[in-house]
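You will see two complexes here that share chain A, one where it goes with chain B and one where it goes with chain C.
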Partner chain A sequence: MNVARPGAFLVLVALVAVAPLVVHYPVLLTQALIFGLLAAAFNLLLGELGFLSFGQATFNGLGAYAAGLLLVHVAHVPILVALLVAALCGAGGALVVGALSMQGAGVYAVMLTFAFNELAFYLAFQLRDLTGGDNGLRGVVRPEFIGISLAGENAYYYFVAAVFLVVFYALLRLIDSPFGHVLRAIRENEPRARAIGYDTRRFKVTAFTISGAVSGIAGAAYAMLYGFVPLEVVNFDTSTNIVIMGLLGGTGSPYGAIVGAAIFTLLSDRLSRLWAHWPLLLGILFCTVVLTLRGGVIEIVHRLRPSTPRRKAPLRSG
Partner chain B sequence: MNGLTRSNALKLGTGAVGAAVLGSLQRAFAADEMTLVGIFSQTGAYATFGRDTDRGIKLALGEVANKVLGKPVRYVIRDDQTNPGVGVQQVSDAIDHDGARYFVGVASSAVALAIEQVCGQKRALFLTSVGADEVTGSECNGFTFRWSVPTYGAVRSTMYPYLKRFPNAKRWYTITPSYVFGESLLRNVKEVAKEKNLTLVGNDYHPLGATEYSNFITKAIAAKPDVIALLNFGGDAVKAIKTAQQYGAKKTSKILYVWSGGLLDYQAIGAEALEDVYVGCQYWHDSDPDTQKASAPYQKAYGEPMGYVGAASYIETKLTLAGIEKAKSLDPAAVAKALQGYSYVGPTGHETVRAFDHQVVKPYFFLHGKAASAMKDQWDYVETLAVSSYPVPQDKNLCKLG
Partner chain C sequence: MTPVGMLRTEKLCKSFGGTVAVDSVDLNVRAASLHAIIGPNGAGKTTLFNLLAGEMRPTSGGVFFEDREITRLDVRERSHLGIGRSFQRTNIFRALSAYENVRVAAQSRTQASFAMWEPATRLRDVAARAQAILDDAGLAALAVRTAGELAGGDQRLLEIAIALATAPKLLLLDEPSQGLSGEDALRLMARIRTLAERYTIVLIEHNMNLVMELSDEITVMNFGSILARGTPAEIRADPQVREAYLGSRG
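Right, the complex of A and B next:
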């Protein structure tokens, strides 16, 4: 299997490059890319490792607040430093949550990720002096990138697009590396992977940490997109949306996460203008996909082009 | 790139050109009309307020036959999903792609504060009635206006008349939601308590959207206060009052619900639980001839009296249109300037837009829950005990309009 093959990735690069010319809505497209990062980070866990994390918003929030606080309180912070700090905070949080959650097995581990998400939410809610609580952390500035102003929405879209493509390509390479193979071995049969000498817990926590770092970067990009950090970045609804995006697109391919995030973001926006009860339509779509396309929407591509790289969708979690 | 055939490339290209043409047409039409965006929750935690917000806006637009300065008004609804990020995204898109410059609505303080920032940056007019005092306080800007009485006035307009009726009510217990709105109400309660030599015998914080209130209510009853003051709002207060009814709190203490959501809340609470509860409200349809007169068209159109939410969006829309007519311009900056100091008869009677913070000065209503047997119709939940106004003094307001 070679998910990082250049053809598919170049198509993605081309789509990301021309998207603002077709959809004249750079803010929404930027949000779709940010959600794409979140879904890709989730997919690393569910698609590769077979672990369902219900607490991805924790790391998104850590990244958003870390970058937000840095940009609010420290002058002239380079944008890449803000992203790096967010990645480190997301990774740090995921290291702790991952290490503790992996103590449990099966559904208990899943519930622990949910519990930590609730803990993070109430911490952000209560630490009002730091986070702004329910009112959010306002006044997050958007720094320049090597002298180029990112104040314009198109400029910021292309900056986030570059970050998105670099991070996503790194994830593709990671999935194709021996590390990725071990994750899939754990997914298929953890006792066997352990029996042949792998420290499976270490691999699982490492995957969780990488997933947290990517989610942290997404959080920082979100904070800079809107100029503030709302409490919603860390709430359970966000974690649920990430799960929906991941499953909608399909966990059988890293590209599925991107497809899921794009469909979820664009459809939510369009449907909300057509009908007050639009989540019902989204729910019907989600149920239809889950019932008829077990590999998610990306399964359609696989059915049309059987040669496309694919993986078996995970059958279990924990 | 072997998946991209010539026919697919042609389809993509045609789609791109089509979208560009549609976008240009949309912007061209936008120049000959005024676009008013009703931004409120159709989904999310405050979705229950969406229907009445929409009704209020439509009513106000209907009164002017959907026209302002002779141009048609295009009314567009955007769902903020009670999520600040979504709210900002929707407002940004409406400004950038629909040519919208006028926004009314929003029930969530967090969403309003986020939208206020965008409207300030993009020079779009925003009128709202949320609870956060920061909207016309520390976070104010030249393009945002607020109709609802701030927590400063709401607390004084309920506590002062209450203390006048019950001068011996010295022991107070507060139940506060642990977010900025609740903290703001509590701070004002403490100020009045100090001024009137009251004793705050206890306070409990609860999370926003808590489902269980029995522990807070039983703790409050055990403290034997004269008054249990509820500083929460909407669903939280509804659950707290129902729990207080179940645990018999009204037998030992009076209950004061400082900032109620009006008719929508009272319907959810029910007449039995609301009986003998003292409430504060931004608008009550049956308080005096002014409020009755304001509610009549709404009742005719929708078959029920106008509530606080409908009244808020109605007057926000009316103010927007009045500002445009006064300024004789669709430039939001000129409209904002025209609204500064503007006095008019609104849903609550005589109302004035203060120039220095864009806060509307209007009365606040002190009401008392009736017994079900005393209700003259299905909406007659409360009687009006007092109507008063306590605007935030200028020297206490952190607003600095540039």
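Right, the complex of A and C next:
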């Protein structure tokens, strides 16, 4: 039942390493990795805990603005410090939003994550002096990494790839850990999990906080990719896109998030060049996948390898 | 006077709006005994269990466990004190394997549940305990099967196995044979016989033969309150009980 099987992870490492040789567009690939982090953070909640978060952009935005402001206003910030600050801000925001949202039951908790996202968007929009409002926050510098310049797009891709792989590996470990097992017990039957002695609320809020930290890192990587923090990092469209990527890839495996993010990023790039109404095609694809492959695109892998033990059921509701 | 029990209640009451589901119940469960609670449908037996396990707060009255008042403790805290409970309606982790159902329950007794780096498989004691409980329940061959896909009888055994995995001092079993018949019912009764030798048990059960055979003490409930209590022989001889309950069941 081990998801941290080295095999699958090594395949991922290899794919990430050779991707720029196949797709000669490192900015797009970097964006795919960043979306991969966001989708993986979302799937940790939906796939493992069974909690649908409709406000993941809140923590992406917190990370992006935290790192952005730091890099705009403070000279010589090491890149890892920028990522760490972003992770802490994402985690802190998620701790508050998670603790308050989980007060609500069922669909109310989902709606609360959405409401907090709207609140975060409104704040980012109103605090123009800080965030630049709808003009965005400009002048975000991209620091070097232990003396290596990341100014080139390929160099930055490989830096983000390393961050992505480290974070994703940590998530795989978490999913297999005692903590991850409790999350799945809560997903299956929260009252029974409480009856056997688990403080389910603490587990849920902790998972939410970790998801926020990962989303914060993604936000920071995004800010440094474009040297700019657009207001979109925190808007509801971004939250929706994260949901789409998560469900497109499938919540039955953590790798599903990456598949979903890759398909979403590459396809929306291609389609947007072909046709102005491309989101329509994306929507049709999304519906088709969700209706025919309830476990998302990653389900295909499971069907091809029937011996693979299913760690969890595909999404049944929502 | 009966000796002070492992579990006691004092004038325990629970109302839902107008319905008084549990009405001034004084219960005394001695350690190492099997205490059966019987009574017709709607008598308040499950509600009493909910009050004992901490799933619900009483309207008034108190619950005492090992001479400590636990009325205000929630279900999680009572689980850690050693009160384990199985449910009348099968209440398992359906999409997880039978093994994982029991394993995650056993894991709740460790300090390791917030560990996020080492795989859960490293918790060797937990794995061994889970395996032993499955073996004991006769579910070893079904360990890797998805719990929700098990047959009814196996699910009922798993339901109890989850409670056992939390290493309870007191086991509350709510109609463990509910919904079973024939072979399955017999298997479950054999299981309860085995457990009766090892645990202090409060058992809600409609099967009178089993109750009369295993109980040290029986409490009969009707309309939320205690109608009678005593040894199986006393209960069998009680005319009130015969009229209200036993009579209707032959």
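Going forward, the second predicted complex is superposed on the first by the 309 of 318 C-alpha atoms of A that agree within 3 Å, B and C clash if a C-alpha of one lies under 4 Å from a C-alpha of the other, contacts with A are read in each partner's own complex, and residues count from 1 in each chain.
The definition used in the following text is that a residue touches a chain if its C-beta (ideal position, glycine included) is under 8 Å from a C-beta of that chain, and two chains touch if they have at least 3 such contacts.
What you see is a predicted model, and the numbers here were worked out from it, not measured in a lab.
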item: Contacts of A:L291 with chain B and chain C, given as first, second, both or neither; value: neither
item: Partner chain(s) touched by A:L21 [first = chain B, second = chain C, both, neither]; value: first
item: Which superposed partner A:L274 touches (first chain B, second chain C, both, neither); value: neither
item: Which superposed partner A:P178 touches (first chain B, second chain C, both, neither); value: second
item: Touched partner set for A:Y222, first chain B, second chain C, both or neither; value: first
item: Of chain B and chain C, the chain that contacts the larger number of chain A residues; value: B
item: Which of chain B and chain C A:I146 touches, first, second, both or neither; value: neither
item: Partner chain(s) touched by A:R192 [first = chain B, second = chain C, both, neither]; value: second
item: Touching partner for A:A75 - first (chain B), second (chain C), both, neither; value: neither
item: Chain B-touching residues of chain A, taken from the complex the two chains share; value: 7, 10-11, 14, 18, 21-25, 27-28, 31, 122, 125-126, 128, 133-136, 138, 153, 222, 226-228, 230-233, 269, 272-273, 276-279, 305
item: Parts of chain A lying in touch with chain C, wherever the complex brings them together; value: 1-2, 4, 170, 173-174, 176-182, 184-185, 188-189, 191-199, 203, 206, 309, 312-313
item: Touching residues on chain C, where the partner in the complex is chain A; value: 53, 55, 75-76, 79-80, 85, 87, 91-96, 100, 103-105, 107-110, 112-121, 123, 144, 162-163, 165-166
item: Residue numbers on chain B that touch chain A, as the complex places them; value: 1-4, 12, 15-16, 19-20, 23, 42-43, 50, 77-79, 81, 83-85, 88-89, 92-93, 96-97, 109-110, 113-114, 117, 132, 134, 139, 178-181, 183, 207-208
